[in-house]
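For clarity, chains are labelled A, B, C, D and E in written order, and residue numbers in each chain start from 1.
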Amino acid sequence: KIGIAEALTGGAAQYGVPIRNGFQLAADEINAKGGINGNKLVLVVEDEQGKKEEAINVFKKLIFQDKVLMIFGPTLSNSMFAAGPVANAAKVVAFGTSNTANGISEMGPYIFRNSVMESDVLPVTVRTAVKHYKIKKVAVIYGNDDAFTKSGYDVFKKVLEDQKIPVTTTETYVKGDVDFKAQLTKIKATNPDAIICSGLAEEAATLMVQARGLGLKAPFIGGNGFNSPKLFEVSKTAGEGTFVGSPWANTNPTPANQHFVAAYKQKYGAEPNQFAAQAYDALTIAAAALKSIKVSGNVATDREALHGALPKVSISGATGPFKFRQSVGKDGKPAGYDADQTPFIYVIRDGKFVLFTGK
Amino acid sequence: MLEQQLVNALTLGSVYALFSLGFTLVFGVLEVINLSHGAMFMAGSFAALTVVTRLKAPLAVGILAAMLVSGLLGLAIDALILKRLRARHAPHLIPMIATIGATTVLTSAAQGLFGVEVQRFPDELLPTREFIFGSVHVRALELAIVGIAFLLMTTLFLVLRHTRQGRALRAIAESPKAAALLGINVEGLFLATSFTAAALGGVAGLLIGLNFNSVTPLMGQPILHKGIAVVILGGMGDIRGALFGGLFLGFAEVLSKAYLSSQMGDAVAFGLLFLILLVRPAGLFGRVLERKA
Amino acid sequence: MSMLLEVQDLAVAYGHIDAVKGVSFQLEEGKITALVGANGAGKSTTLLALSGLLRPKAGAVRFAGEDITGLAPHQIVRRGIVQVAEGRAILTTLTVRENLDLGAYTRQDRAGVADSLARVFHLFPLLEERTAQYAGNLSGGEQQMLAIGRALMAKPRLLLLDEPSMGLAPLMVQEIFRTLVEINRDGLTVLLVEQNVRQALKISAQGYVLETGLVVMADTGASLLANPKIVEHYLGG
Amino acid sequence: MSMLSIRGVGKHFGGLQVLQDVNIEVPGGAIFALIGPNGAGKTTVFNLVTGLLKPSAGSIAFQGQDLAGIAPHKITRLGIARTFQNIRLFPDMTLLQNVMVGRHHLTSYSGVAALFALPSFREAERRSRDRALELLSWVKLDHKAESTADNLSYGEQRKLEFARALATEPKLLLLDEPVAGMNSSEKAVLMEEIRNIRDRGYGVFLIEHDMRFVMNLCDRVAVLNFGRIIAEGAPEEIRNSPEVIEAYLGRGDEAEVLP
Amino acid sequence: MEAFADFWATYSTLIFTVGIHALLALSLWLTLSCGLLSLANAAFMGIGAYTAALLTLHLHWPFPMVLAAGALAPAAVALVIGAPTLRLSGVYLAMATLAFGEVTRILVLNLEITGGPEGLNGIPLLTTWWHILLILAAAGYALARLRRSRMGRAFEAIREDEVAARMMGIDVEGHKLAAFTLGAVLAGLAGALNAHSTFFISPREYGFENAVDILTMTILGGISSLIGPVLGATILTLLPELLRFLHAYRLAVNGLILIAVVLFLPTGLWDSRRLRQLVGAWRTRREGKP
């Protein structure tokens, strides 16, 4: 019995719903194969609305009432900051699949995530793009009222400092904005070689279209958030030449991924995105851990056993080879676990992510 | 760069003005802060989208569908909820809370019907003409939005100022009781206003959905409090106020993003609004109606 | 003798408070009828109920033979019952001219409306000078003229007046009463609620006295004026 | 000595000159009436005295103290109370509460006393309530003390406003058309009440269109026409002044208007 | 006993939230009782929350002092912005306070010390049930006393008619500022308590939606007495949780209930006048047939 706490209504539902779908898909597949050591997986899905109080309430309900073995979620980093300590105190694993903010896993040893840390990905992305486009200076734009895009920006900023690339201007927008022309006009006036953007696919796509509409031709370099086929629905060809680094892309040809993409499309009639892929993999990881332990029926001991088994798991899923890496808490003690994955660099060609091979 | 920014400000301002038009109408006539106006906006977009994608109807039919569906929703909210609250002399702000409830219901319904993800209009429908004047780029759709915003404003303004119904509406706005004694069908005009305002909201939603090619159940929310700002800045219920308030907010936002810092765009816009209210306590066009002692 | 309006056992309540507890009276066509009584007797309440702004709890109102109980205000106005309410109900944010135009809201005959306007300007020349002014800027007396003029614009068959002389200077009070007599002479039926009881009864054919929601006396205007009880209570000796 | 002196006061709203060089001396312990046609500027005079408006010219002094720049609530505390032509009650409050509000500055106790309902608080509140009930009984509204003010008829509302103004224990009472909408027996009651007030040494300054009331009650009358004082004197003088008759009283049915 | 332990473990945060929302609703009730439609209370809550959290995290102040600071900081801000703003009335005041709230939120979003959009995390759990109960009870008692004092009457008079209140010798500006500031104190307390019961705070919790939520709780509960806001806060906080079994339809049903309440109880859930009338009617009926 596993708890799923994701935002299924409200503004964050755009992410929460695909994540839920990813879990559901993985669970159905596992159960269709006879479950884990003969036990079927039961998902207890709750809506946390992307609000911190709701996330805490849902966590508590899952832990104390439904007595689940572990919890996946919540959707937003902000909610994890509120709900994580609850799980940690109750000695229940909280496994985030979409929380990228700094400091998540530092909250305690029961906090896990398989969402890639931007700090692992972006240096490579930037270096590759700079080399390819012979970039001398860049402009930056990011969403500044959202923990996800802001922490992406923080990493970009550090990377740019480390690689000594001058920034012509730094612009921001807020969630729900649809008109970025003011910022883009300003960016255009500074004439950068590329635009670095930490944003979600929806906003990024609109940004690209509006940039081209204003005659701004510099290529984009994006973070994690770009990684969704949604990007092309709007941007069409406006995103050509964009560099994105990620362990996952819908076009990644590994069999595990192609199976996932096909199965997802068949079940939900839509293209999966990275959030769904990470959720799918996360459940696969948990299943691997569960397989390695003996379920005793006592919730507390089973939870502890699961907690012990999880860090040892290493799989190769839709997002490629995966293992955990332990982080260090604020107090200097070993804390939770982050993903340890090698990113790939993709470039957008003809409205598709193409693995960048140096050409 | 300045020319382009001015054009950007004009289009953004027109978007705000267009949204606020119906909002301010309801505000002025029914004295209700109708927080479901964002939902009307959303409903218009979805109605047009459905007609256009499912029935393969041309865009013009989509516009009609947007007006009709939003208008009827607005009518329903008025007839089923607001009308009863008026009859019961519900205190101030209670109708506003009812419209919050209506919004929740409508957005949930939209999420159930259409899913939570962003929907798009089919490409072939999007007018893609673009005009380039020197360094200034404008899309045809943006010009259309500016044009329609000004056109609707002017029409509505003239109707209110110079027709029998317009006079009646202004009478109701001041005192429904006095209006009733003049033989004005107050309830009928309330319903008509709700319909018109919602239909205007629907058209605004459609145009803006088209412009940014993004339709979601929650698309009405971010613009809602900008809309409130516009309406109050302009002066409650004043059509000119909606236009000038919208343009003001558009310009304040764009220019502060362009010349100060984009982090502070909204802060500057709201800060200015705060200052303006201190100087003009009833908005740009509002008059303080102090009861005579 | 034909009755234009017949009120049968009309009762009106505000929530649990019974303000009018079953009054009956008739208005004779072409005559002025006065309704007098102490503060809180229920006079204004009665008028508001006749106009449909308050829903009667019980009773029936027949106008020109038709049952109009419970109709909406605008339907009642369309039948020709027009009220000048307590406090005048002037639309202050509209101009004088717009107020007058709205008075004729229910009418379609352009020529007739123009006629009525000319007549109102003839009765109140002051209004003609002020057509473009916001009604809210008029002085109290001017507002009262506007209210009456606006009611006449609807070309009513029955005019209901709630304390038209309140707050007016003596000169103006005389003016208003003179006007009332004049428009009545042209055939308009009037129901007049007044605290200026002496003058009201003097110009009225018939009078009713209301006390705590009930009709306690009904007679011709002249006999009521002579009635010692009335003299004591309402005319101040 | 006069209680209130208005000297050379002018007032304009934008381009509209409403008052011009108005001089009025209102004596203490007397009833003083200000009459004049509608729109002459009478209410404006009250608004200036109570500090709701600032004069464009001239000065106003109360008991020798210049009122310029003094906030309206402080003017009330100096001892000037008023009623409004358009009645401004607190409609959702009970009659008793309406009157008790008038005793705001006369009821004093510390925040701590209120927080813990100390005897000083209870004593002050009780006194305030008793006085309020007494005032309500003066205007014969004590039986409705616990109902809310919006349930009153027009005339009853006027009486409540009168009681509320008295609750501030004023030295000078400004009444703007106190008997408008009242019938004659009620007028008589109020007239008696106002006389009593005068006899207790209070000053009364009133605006009224009811000539019977004014002529029977007042010690002195001033007439305002188009923003200027055109006459001042004892009631008889005013009644017979041709200028006043022309501008205000009218000749027509004189017998009906005057007693 | 174990059932209770489980129940408490599951729902303690929910109950805390009820208490904190009740406090917020009371804070808005106070400002509304003086006729001020303020949308700044969410921002005041935020200022209280951030002040308190920063003091705990960086200076390790003791909790009671942290609470006091969380109450006083927004009060100081209220005093400063109150003087120019409170001249506005009705929706215009609402707008100005909303603008203030937005500017505050954006500042917090862009400051280093507040952690920007990522907010502050790792705030220790210091709020206990009795803190909330004690403060709520104290606030309720103080407001109940205030209502019966000259200050409460003055607030009410100002709400009904400002000019008339002025003519009664009431210092309108002073009282408005007092109501606004005291409201900020309560909102700040609520913020400080909230910060120390949810481990984490971020700017998005104090924006427009939250201001409207507080308003909804207060108005829906009914502002004719103190019970109304508390009741409104309780019901609106519990309702989503009670409806959890409806899954996808939860929010829609929540909205429908909101509409239904407003339609059938247009003066709010708790209207003392209506209750008095009901009791009165019931008594007369009982006495009618002995």
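Everything that follows uses one rule, which is that a residue touches a chain if its C-beta (ideal position, glycine included) is under 8 Å from a C-beta of that chain, and two chains touch if they have at least 3 such contacts.
Note that the structure is predicted; figures quoted are calculated from it, not measured.
Trainee: Which is the least count of steps on a path of touching chains running from chain A to chain D?
Mentor: Graph distance in the chain contact network comes out at 2.
Trainee: Compute the centre of every chain as the mean of its C-alpha atoms, then state which one is farthest from the centre of chain B.
Mentor: D
Trainee: Need the most distant chain from chain E, centre defined as the mean of C-alpha atoms.
Mentor: The chain farthest from chain E, judged by C-alpha centres, is C.
Trainee: Averaging only over C-alpha atoms, locate the centres of chain B and chain D and give their separation in whole Å.
Mentor: 48
Trainee: Using mean C-alpha positions as chain centres, tell me how far chain D is from chain E in Å, no decimals.
Mentor: Whole-Å distance between the two chain centres: 41.
Trainee: Could you tell me the distance, in whole angstrom, between the mean C-alpha positions of chain A and chain E?
Mentor: Each chain's C-alpha centroid was found; their separation is 36 Å.
Trainee: Can you pull out the residues of chain D that are in contact with at least two other chains?
Mentor: Residues 52, 84-85, 88 of chain D each touch two or more of the other chains.
Trainee: Residues of chain E that touch two or more other chains: which are they?
Mentor: 109-110, 163, 248, 251
Trainee: In chain A, what residues contact two or more other chains?
Mentor: Residue numbers touching two or more other chains: 9, 144.
Trainee: Residues of chain E touching chain A in their complex?
Mentor: Counting only chain E, the residues touching chain A are 6, 9-14, 17, 109-110, 116-119, 121-122, 125, 198-200, 202-205, 240-241, 244, 247-248, 250-251.
Trainee: Sort out for me which residues of chain E touch chain B in the complex.
Mentor: 37, 84-85, 87-89, 91-92, 94-96, 98-100, 102-103, 106-107, 109-110, 163, 208, 212, 215-216, 219-220, 248-249, 251-252, 254-259, 262-263, 266-268
Trainee: Which residues of chain B touch chain E once you look at their complex with the stated criterion?
Mentor: 33, 35, 81, 84-85, 88-91, 93-95, 97-98, 100-105, 107-109, 112, 225, 228-229, 232-233, 236, 263-264, 266-267, 270-271, 273-274, 277-278, 281-283, 286, 291, 293
Trainee: Would you tell me which residues of chain B are touching chain C in their complex?
Mentor: Within the complex, chain B contacts chain C at residues 164, 167-168, 170-171, 173-175, 177-188, 287, 289.
Trainee: In the complex, go through chain D and note every residue touching chain E.
Mentor: 50, 52, 71-74, 76-77, 81-82, 84, 88-93, 97, 100-105, 107, 109, 111, 114-117, 121, 125, 128, 148, 164-165, 167-168
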